[in-house]
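Presented sequentially are two complexes of chain A, the first with chain B as partner and the second with chain C.
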Partner chain A sequence: MSPAVVQTAALGRRAVVGTLRTPQALVPSLFFPLVLMAIFTGSFGGAPGTIPGFPPVRGFLDFALAGAILQGILIGGTSAGSAFALDIEGGFFDRLVASPVSRTAILTGRILGGVTLAMAQTLLFLAIGVAFGARVEGGVRGVLILLVLAALLAVAVSGLGVILALRTGSAEAVQGTFPLFFALMFFSSAFFPRETMTGWFKVLADLNPISYLVEAMRDQIIETEATSATLIGLGVAVALAALALWAANSAFHRRLEGDR
Partner chain B sequence: MAEGRAVETEGLERVFKGGIRAVDGVDLAVERGEVFGFLGPNGAGKSTTVRMLATLLQPTGGRASVAGHDLVGDPAAVRRSIGVALQDAAIDPYMTGRELLHLQAVLHSFSRDAGRRRAVELLARVDLEAAADRRVGTYSGGMRRRLDLALALVHEPEVLFLDEPTTGLDPISRLTLWNEVRRLNGEGTTVFLTTQYLEEADQLAGRVAIIDGGRIVAEGTPAQLKAQVGDPTLTVTLADGSQAQAAEDALRALGELLPCRTGTVALRLPAGAASLPAVVRALDDAGVAVAGLDLAEPTLDDVFVARTGRHLEAEGDDATAAAAPAPA
Partner chain C sequence: MRHGLTISLGLAWRSLILVRRMPSVFLPSLIMPLFILIATAGAFRGISQLPQFEGASYLRFTIPLATVMGAGFAGINAGMTMARDIEGGFVDRLVASPAPRITLIVGPLIAAGLRSLFTTTVVLLAGLIGGIAPPGVSGTAVVYLLAIGFSCATACWAMGVALRARTIQAAPLMQVVVFLSVFTSVAYAPREVLTGWLRDVSDLNPVTYIMEASRAAELGTLGWSELWPGLVAVAGLIALLGTWALTGLASLGRR
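Up next is the complex of A and B:
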């Protein structure tokens, strides 16, 4: 195996272990989405199908599950970013840069860690959802597509977190962007279908790429056959991931050249 | 091992945004096998120089090579040849010492098993075996520095950069680290050490360069530098103050007399301790009773004062207050 691959794997493993050992990084990404999901599911009961604009689902949980998964990944992205910023603050980053480590591996290791955590978290949320009576109508195919979407979104948000870390070099600054991720989610179809929205809110949700991602995820849970939402979501996810990787790479090189 | 000096720079320069010349034309020549002390106050340009030599920061002018490899032309070869322990031990609080050493070994292309063995060796070397499987967050400052040093040694580097390795450490931890540096140097590792402590440079470094305002203001062995500033001074405390005149007459031939407190006689002794037998003999011949003898060598601080007009160490030499600013 090429050194860059081995190094990426080693740094990715460290990123995962570090997060698992940091309750303050781990708890929010598990706790908030599940609590919100419980609240929404509790308040809307079992019959969202009667609300105009809602897709025909068996219960609100089936609808809310995708939102929870997406929310967990967004929060995980800020964790990846602030962990990377801590590496910069603490000097671990400098040690890596001064070692004969592939420059790419320094970046991809951190993002790989974020992707691994996002996929594990997606499986966990699906399992919790199923335990409470949700059903993944897409079956194995649906779960696999969900994992691909989770991985791509994790690349995008970890990448964004890493960019913020490289530009600010401060974990506090990265954590300060947390509300932004929340806003991004609330002005999307993460919690309600776009069909129920009106006016400026609908305009924002239509423009928000998060809407298309969550709809593609939801497509796997509530539809037995993938619809066009899956393809659109995959396309948006690939584009966001590619954009984030490119931007993270250029932020990384700017930092290495000392031109901050 | 490539040919060439351990470190060689010519007109090395780093200008930051806003025109701050942190390093302003530094020439250095560090031979293999040396402990080279890079001494200067906070903000003098020490860390910026080391960051450039460790490939962490691009020079904006001049040229430099480390272990025979050009800094800009072949940074990857430089990185394979150096070990780096920068200010503020660069470690991850959520990992154990053993895990960090193993990770560093894997990053240096050790196999998993070889990496494990290397971690065990190094843990023994820096006396961290008992704490090996504890998270680094629970380590004391001295333990962190020792782990940081071990991390820098994973690949047996030719040149070791230590940036203020003992700033903020208690005296015993400082001594432990000094001993380890001596041992490494005894095994053939070149050590490039920055410090703001005179004693550290005096104790460890065979040669010293003093930097101030981004420029080298003095360079040589500690003894040479001190000799440039002046001669050792001998102060004789008399048992009987009324014998001052007799004592001065007896010592006049041995060195220039200096103004001093009553009850004492002070003189410049160019030959230093080598003149002491003659001093004792002369005083004895003249029948002068002596209560004390004090031979004071010039210090590196005197060297710094002579070159810059300021003292090197902050008043009170408060190690914790001297925590250096984060690199820009």
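Up next is the complex of A and C:
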């Protein structure tokens, strides 16, 4: 196995262990999405089957589960970026750069850590959802597609966190993106279907890539067969992940050139 | 008495001018209610098609959530300011002075009430821009009164936490409890629409009755039967959380 792969795996493992050892970094990505899911399910339980435009679902929990998964990944990605910024603040990043470790592994290791946590979190949320009565209509295929979507989204979000960390070198600045993600989620179909929105708010939700990601995730939970929403969501996720990787790589090389 | 009131007003003024000196502390309490108003009214508008809403505009329905949330933030600010004052030594200097201790609570309470007037006005103006006229003189007065009351209750909660924890790191605890108390009430839908555990919790949550009274005032359906539970809930919260703050104040200097 090539040294870069081994080093990526080692740095990825370090990222996962580091997050698991700091509950204050882990709790927000579990607590907020689950609490909001519980509150929305209690508040909007009467919506399915009653409101025109609401997709046919067994219950609101089935509808809300994808939003919770996506929210958890967004918050978790912010934490990954903050952890990378802390590495820069604490000098670990400089020591890594000065060592014979592959430059690519420094970047991919952190992102791999984010992806691993996102996939584990997705499985955890699915298990909690199922325990409270949700059903994944897509079955094993649906769960696998959900994991792929979670991994791609984690690449995009962790990549963005890494870019901010490299640009600012400040964990606080990376954490500052949390309200932005929170706002982006509300202006999408993460919590309620786009079909029930109107006016400028619907236009914003239509333009928001989060709408397509969450709808693809939801497709696996509420539909027995994958629909066009899955393909569109996968396309958006691949595009975002590729863009984030390219931008993170550029930011990484710019920082190294700046250090010379 | 007069001496204590003068000092309380001085402390309230000091707390209010911090808004200008440290806008980063105050701005979230202004932006968040507006965000909640716009995001909630836009994202969940479809739920108002349920018959229990009786055709009410969801933006109008959401205004009390934003005013109550803004008042909650105004109260949390009081606790955060106190935590900073404890860390910075200002509270110690005040305790060592001849000023009555109670002014440490009363001053920030006045400031929280005044801040909630401001956030409520901003929310009502945002509603006006969105085409929602204020609900008449008496209705508007009730919306303001309940916001002031809730800001005082949350200020007592946050100051009680600050007096015990004595660090700004306790701010998330102040915030999370207020958030949960608001969102586990009738924040997004009337009680008849709520299901499962939220229905049971909202029945027991005093914020439900504050929100329902404020909402009835906003929707123009306010009667005594809606108003009194809201007033009792505010009074009960202030009494309970005021005791929490006062016992925290009494512990000051013991450690």
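Assorted remarks:
Just so we're on the same page, the second predicted complex is superposed on the first by the 256 of 260 C-alpha atoms of A that agree within 3 Å, B and C clash if a C-alpha of one lies under 4 Å from a C-alpha of the other, contacts with A are read in each partner's own complex, and residues count from 1 in each chain.
Please note the rule applied: a residue touches a chain if its C-beta (ideal position, glycine included) is under 8 Å from a C-beta of that chain, and two chains touch if they have at least 3 such contacts.
On a predicted model such as this, the values are computed, not experimentally measured, just so you know.
Applying the stated clash criterion after superposition on chain A shows that chain B and chain C can sit side by side.
Of the two partner chains, chain C is the only one that A:Ala183 touches; chain B does not reach it. In the superposition on chain A, A:Val97 contacts chain B only, with no contact to chain C. Once chain A of one complex is fitted onto chain A of the other, the partner contacts of A:Gly235 are absent, as it touches neither chain B nor chain C. Contacts of A:Met197 after superposition on the shared chain: chain C is touched, whereas chain B is not.
Once both structures are fitted onto chain A, a short way to say it is that chain B and chain C open up an angle of 90° at chain A, using Cα centres and rounding to the nearest 10. Shared-chain residue A:Gly139: touches no atom of chain B or chain C. After superposing the two complexes on chain A, the closest approach between C-alpha atoms of chain B and chain C comes to 19 Å. No residue of chain A contacts both chain B in one complex and chain C in the other.
The touching residues of chain A, when paired with chain C in their complex, are 35-36, 38-47, 50-54, 183, 186-187, 191-193, 195-198, 201, 204-205.
Within the complex formed with chain B, the chain A residues making contact are 3, 6-7, 10-11, 14, 17-18, 21-22, 87, 90-92, 94-101, 257-259. If you check the complex, the residues on chain B that touch chain A are 17, 51, 54-58, 76, 79-80, 82, 84, 86-92, 94-95, 99, 103-104, 106-109, 135, 151. By the touch criterion stated above, chain C contacts chain A in their complex at residues 35, 39-40, 42-47, 49-50, 52, 180, 183-184, 187-189, 193-199.
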